[in-house]
Structures are given as C-alpha cells and as structure tokens.
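The structure under discussion appears below in the form of structure tokens.
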Amino acid sequence: MNYNWNWKVFWDMAADGTGTWGMTLFYGVLWSLATAFCAGVIAFLLGSMLGVMRTTPNKWAVMIGNAYVELFRNIPLLVQLFLWFFVLPELLPKALGTAIKQMPPPWASFVPAVIGLGLFTAARVSEQVKAGIQSLPRGQFMAGTALGLTLPQSYRFVVLPMAFRVILPPLTSETMNLIKNTSVALTIGLLELTAAARSLQEFTFQVFEAFTAATLIYIAVNLGVVTLMRWLEKSVSVPGFIGHVPAGGAH
Amino acid sequence: MNLSSKIVLASVAVTFAAGVCAQELTGTLKKIKESGSITIGHRDSSIPFSYYDDKQQVIGYAMDICMKVVDAVRTELKAPGIKVVLNPVTSATRIPLMANGTIDLECGSTTNSIDRQKQVAFTNTHFVTANRFVSKKADNFKTLADLKGKTVVSTAGTTNIKWLTEENAAKGLGMNILTGKDHAEAFLMVETGRASAFFMDDILLASLVAGSKAPSDYVVGAEAYSIEPYGIMMRRDDPAFKKVVDNATATLYKSGAIAPIYAKWFQGKIPPKDINLALAPSPQLARVFANPTDSGDPAVYK
Amino acid sequence: MVDFDFDVIQRSFVYLFREGMTFTLTLTAMAAAGGIILGTLLAMMRLSSYKWLSLPATAYVNLIRSIPLLLVIFWFYFLVPYIGAWIIGSPTPIKVGAFASSVITFTLFEAAYYSEIMRAGIQSISRGQVSAGYAIGLNYWQTMGTIVLPQAFRNMVPILLTQTIILFQDTSLVYVLSLTDFLGAASKVAQRDGRLVEMYIFAALVYFVISFGLSQLVKRLQHKIAIIR
C-alpha cells in the first residue's frame, strides 16, 4: 500500500501555529462537548415541556406539541442547521442580520449549531418524555387529583419524577446521538472533533492517523457518557421499582 | 516527508520500474488499458478552468487540455475506445482521491508546489496566476495590514489557505480564518458579509466576480502574495504515464495549438453568463508555453 | 425587505429533481435494501451461540453506533479503494466512484442500526416456533428462512420503514463530499445564483413533504398490522 504512515504527526506543529495537532484535536473535543452540553440543556427543557404538553387534556397544547415534533423530525438536521446559519440572518431586519453575520468565527457557528441541535433534539426528547408519561398507569393522575393536587402539581410531584426515571435509558442513547450529531455542525464552520480531524487530514495528508484518532476519541466519549448515565440511573432509582439496585448489594 | 518514507517510496518506484520491459504496461497506463476508461477529476466552480455550465456539462480550459492528453493516451495504448469518466473533486479531496486511485488525472486549477510533489506529480504548467484577495469595494481594503483582526475566508485544501494560516501566525495579524468547502461557498461568505476578504488565485477571483450578481461591488486587491503555477495532476512514481502526459502537453504548448484554446476561454465569451475575461497571456505564461516546465518552484516563473 | 426571487426554484426545478432527487432516492433505496439484508445477517450472528460469530458482530454494531455518520462517510470515501486493493491483491488502490463509495458507506452504516431492529424482531418470536421447526425436521437455515424471519420481518416493518426515512434524511450528509444529491444540487444552485434563502427553504420544504408523507403512510400501515394481530 502506497501510504506514508506517520503517527508522530500529532506532535507536529499545527498549521495555524497555536499548538500541536494533538491540541487541535483536543480543542475539537471540547467544542463538541460544549455544543452537545448547551444544546442538551435546551433540548431537555424544551423537550420536557413539549412532552408534557402532548399528554395534557388540552387539545391545543397537544396539537402544537405534535406540530412541533413533526416539523423538526421531518427535516434533515443538516438542512435545519443551514436554515439557522444561512437563511435566518437574511430574513431578519438588515441591521440585526448583519450583526449576526459579523459575529467572530467560533461564535458565529457555535450559536446556530446550539440552537439548531437543541431544537432538533428537543423533538426527540419530547417523544421520549411523552412515552415515559404514557407508560405510567393512569391511576397516577387520578391519585393526584384524589389528593387534591391540580394538574400541574400532579405532573410535578407524581408523574414526572417517575417518568424521567423510566426514560433514563432512552435518554442515554439520545445523549449519545446528540454528541454524534455535533459533527454535522462542521458544515457551518464549527471546529469540533470531526472538523479538526479533517483539517489535520487536509494539511498533512495523514488520512488514517487523523480519522483513527477521531474514532477512538468518540468511542471514549461514548463510554464516558454511558458510564455517567448508568451511575445517574443507579443513584436516582426508587426502591420497589424495576431497575432499582439496593445500596447494600444484591439479594 | 522523512528519509525512511522516501526510501520506501523510492523502492516502490524501483520495483515498478524493474517490472517494466518494452511491451509491458504498468501503473496508470495498465489500469486504463484494463478498465477501458480513464477517470478525470474536475471541479464544479473553478471558472474558466473546470466547471459546470448551466446544462450541468463539465467544461473549461483545463478540461480541453485534458481531452488532448486523453487523445495522446488513446494513441499510446492503441485503444481509441478508451472512455472518459468524470468525477467531481474539491480542493480538499483532489489529492487523497488521486492517491487512492479514484481519479487518474485532475484537470482544474491545482497549484503545482514542491510540497505537493511529495504526494502527487504534475505535468507541464498550463497557467500562471498569483494569490490575491477580493473584498467589497465599499470596505476599501488595500493591504494585508488593513485586514488585521478581521474575518477572512479561503477554500479548504488550497495552497492559499495554507499560506494564509501561516502568514496570520507569523505576522500576528489576528485574522479569523473561515474555511469554505469550495470557491463558490467561500465567495458567498464575502457576498453575504460574513467575511471581509476571500484569498484565492486572481484568475478564479476575477471569474467569480464577473459571474456574480453585482460585479461592480467587488475589487480584487493589487497586492500579489505568491505565485501559483497550475498543473494537471497525476499520481507520482508512475514514469510511463507521466511521459505520455508530459509529451502531450509539451507538444500542445510548443506547437502553438494551445493559442486557440487559450483564446476561447480567456478572450471570448464563456458560459454560463457569456462574460469575457479579456485576459491576454501574461509574459510568464508565454515563457511557459515556449519552454514547458513542470517545476513546482515559484522562482522559476518570475 | 430584501428581494427574493422564487423563480430560481422554477428554473432549476428539473436539475434539482432529475439529478439531485434521483441520486438521493437511488442511494436511499440501495442502502436500505443492502442494509436490511446485511443487518439481518448481523442480527442472526449476534444471536448465534458461536462466540466467533457473535463477538465480531457485536463489536461491529457497537463500533458503528458510537461514531458519527460524517466520520464514517469520510473514512469510507478515502478508505474503500485501499480495502478493495487489499482484498483483490492489486498493487495500486482500485477505483471506486463517489456514488459507489456512498452506497457502500450507507449500507454498512445502516446495517448496524437495522441489525438492532431485526434482532429485536427475531427475539420477539417465541422459542416455541423455533422448536416446532426443528421438531418437524427443518434445519437451522430452513427454520430461520421459512418460519422465524418472515414473522420477525412483518413485526418490524413499521420500525424498519421509520429507520429508512431517517436514512433518507441522512443522505443529505453527502454534501460534505460535494456530491450532487438533492441538498447538494440545491446548494450548487444557491451558491451559483446567490439565492440561499429561496433554495434552502425549498429544500427544507421538499424534505419535509416527503418525510412527513412517508411517516404518515407508516402510521397507517402500523394501524393495519395492529388490527390484523
């Protein structure tokens, strides 16, 4: 095979002179995680709200929730990012649009990426939350009413605590999807991990080394997320329900 | 590239050469003969070298030269039925796709440089251009210093972005460098106001400006930052194929048959918008046609 | 208000659909077919009692599911010719076009996801079915082929179709290779004519209509199957 292996390339100076290629990849991971985290916060809050809306008796809330989910699930993520990055500044009043376009590079890509990813993932989270709420026996709502709680209070004190625990496993895979989807932001200029590997490949032509490093890092990040979520599941599990692991060990 | 890799590549080359006897084909020529087709990598918006017209046909100055090369290959292999397969490439993918065998010839606006000759080979230069920047006339940017702290853009995988990144670090200009996937996307950054300047070879800039919605809004800077000789790219360590291509291009240039081809693309109306670049061959280019060279050293072209 | 020229959509309509959409649909169809077949094989390997089958299959599926599709696209675009050369023992990397590279990429990528779906499907068939198959003298392949897989497949059709709709949307990522799928075609027109807003909104609309339409069909199919069961 006519390929010139050079694993030492990670210790070579990067083209922009700010550090080694290894550091470029490291900053790439940080940007990936930062984007995933910020988008995740938006997705979780908005998604939970939408999930709740879709299970209320209010027909309008359900319709709005469903419309949102259909809209954001049927347009590819890449197209959504393009809409936020390219189209939105053109539709706003000229001064505001220009101000957005003049934002310095990391933020010019970071903000649309976070918004786009956040809203996209919120649709998926709302599906999970809706499924979680609907998996609980309807008696829970009735019990809440019987205790004199209003509907919001029933959600807050009775339904949602259990629903969130139920959906922790699917939320784990949503988190992993979110981290993987941050790579799509490379098309709007965000220098996250895949983009960093690509720029390493473009400048040094070390294709395999660059992508192997990126692959290993993604696998490591995923293992980290899975471990974190498993710890979270264990620490919030409720005695007497499926999935609970007693502190003292197994029986 | 370090010494041990040079030794490996040299041994590969020697092995290839050792396998060649008078009748036997090796490397790319063998591949072309066996598959009955030659794959040409082309660009989608490197006007007027290699681009799509509005009927989505690939046309251009470099494409015409490459067709002459293909004719020479057909003659050499005594196989007039060799088909041409077109494969779009970008600045970032052209070298890896050449190395991994997807394309046999890259006909576009690729700068021949000593650095790149470690990965690929080039035939005789077909154009000489210089690295400049384009910006909006209203911004009045004249020199590199004017762009301190501003956002600038260039295309991924080009010698221009490499130069820009290194210059930015060396001179401490603090410019924010955006990367466009291809020339059209990078020019769009300037058009929409996301970037203040687009650094690229002046001929490509002139074509992009001429074809844009409002050509009079833009100005190509007067300062030239580096000399960029364009060459048609092929795989390295393939002397038999290189000989055929070099002969074809040298004959084309020396005999003057290149003159009508040049005039068609640089001094006549070209699709898709019928613009005329009205660019006479520069003295450097005339010298290159008289004495074809495949050197990657900019000093040779001064 | 900026001038919007929605005529650009009409002018480029033929190009968008004849070049772009056919690429997208062909890629989706081929990757879905290949992916489901390969995915079913992978699922069977994972459920096999032979460690030398189940371990590689599990490793493959977990690996592919941990890395982004974009990274897989880049890997295969540059890697496939080298692998091909290694397999057939050629001294130079073999030529693989961009379209072939995408089909291979998406087939191998989606196979991991389809295999999880088929695995759930196969596991949902009661063991009694398999035992009955062996009892009437069928071997493993006949049991799988005539009893288990047809039922598993039918149970999983809605989920398989949903995954295919996701695949349809994911094909837009070949944008990074500058290939002319539907989004790529829209981008090219947008960049050439400077009509970003019009083209990207139109592209979003087309993807929405197709995906939404298909997912409504899947919902109806789910209702039909539910009633039959």
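Letters A, B and C mark the chains as written, and numbering starts fresh at 1 in each.
One rule holds for everything that comes next: contacts are C-beta pairs under 8 Å (C-beta built on N, C-alpha and C of every residue); 3 or more make two chains touch, one makes a residue touch a chain.
The shown structure was predicted, so the numbers you read here are calculated from the model rather than taken from an experiment.
Colleague: Quick check on this structure: which chain has its C-alpha centroid closest to the centroid of all protein C-alpha atoms?
Modeller: The most central chain here turns out to be C.
Colleague: With chain centres defined as mean CA positions, report which chain is farthest from chain B.
Modeller: Of all the other chains, the one whose centre lies farthest from chain B is A.
Colleague: Skim through the chains and flag the pair connected by the most C-beta pairs in contact.
Modeller: So the chains sharing the most C-beta contacts are A-C.
Colleague: Using mean C-alpha positions as chain centres, tell me how far chain A is from chain C in Å, no decimals.
Modeller: That pair's centroid distance is 22 Å.
Colleague: What's the distance between the Cα centroids of chain B and chain C, rounded to whole Å?
Modeller: Roughly 36 Å, centre to centre.
Colleague: From the C-alpha centre of chain A to that of chain B, how far is it in Å?
Modeller: About 40 Å, centre to centre.
Colleague: On chain B, where are the residues touching two or more other chains?
Modeller: 96, 99, 181, 192
Colleague: Would you pick out the residues of chain C that each touch at least 2 other chains?
Modeller: Residues 78-79, 82, 85, 92-93, 176, 196 of chain C each touch two or more of the other chains.
Colleague: Indicate the residues of chain A shared as contacts by at least two other chains.
Modeller: 2-3, 86, 90, 187, 198, 201, 207 - these are the residues of chain A that touch more than one other chain.
Colleague: Can you tell me which positions in chain A touch chain B when the two form their complex?
Modeller: My answer: residues 2-4, 6, 15-18, 86, 89-90, 98, 101-102, 104-105, 108, 187, 189, 198-199, 201-203, 205, 207.
Colleague: Help me check something: in the complex, which residues belonging to chain A touch chain C?
Modeller: Within the complex, chain A contacts chain C at residues 1-3, 70-71, 73-80, 82-83, 86-87, 90-91, 94, 176, 180-184, 186-187, 194, 197-198, 201, 207-208, 211, 214-215, 218-219, 222.
Colleague: Mind pulling up the chain B residues that touch chain C in the complex?
Modeller: 27-28, 31, 35, 39, 44-45, 52, 56, 85, 87-90, 93, 96-97, 99-103, 181-182, 184-185, 187-188, 191-192, 212-213, 235
Colleague: Within their complex, state which residues of chain B touch chain A.
Modeller: Checking each residue of chain B against chain A gives 1-2, 5, 8-9, 12, 92, 95-96, 99, 119, 151, 156-157, 162, 165-166, 168-170, 176-179, 181, 192-194, 237.
Colleague: List the residues on chain C that touch chain A in their complex, please.
Modeller: 2, 63, 65-71, 74-75, 78-79, 82, 85-86, 92-93, 169-170, 172-173, 175-176, 183, 196-197, 200-201, 203-204, 207-208, 211-212, 215
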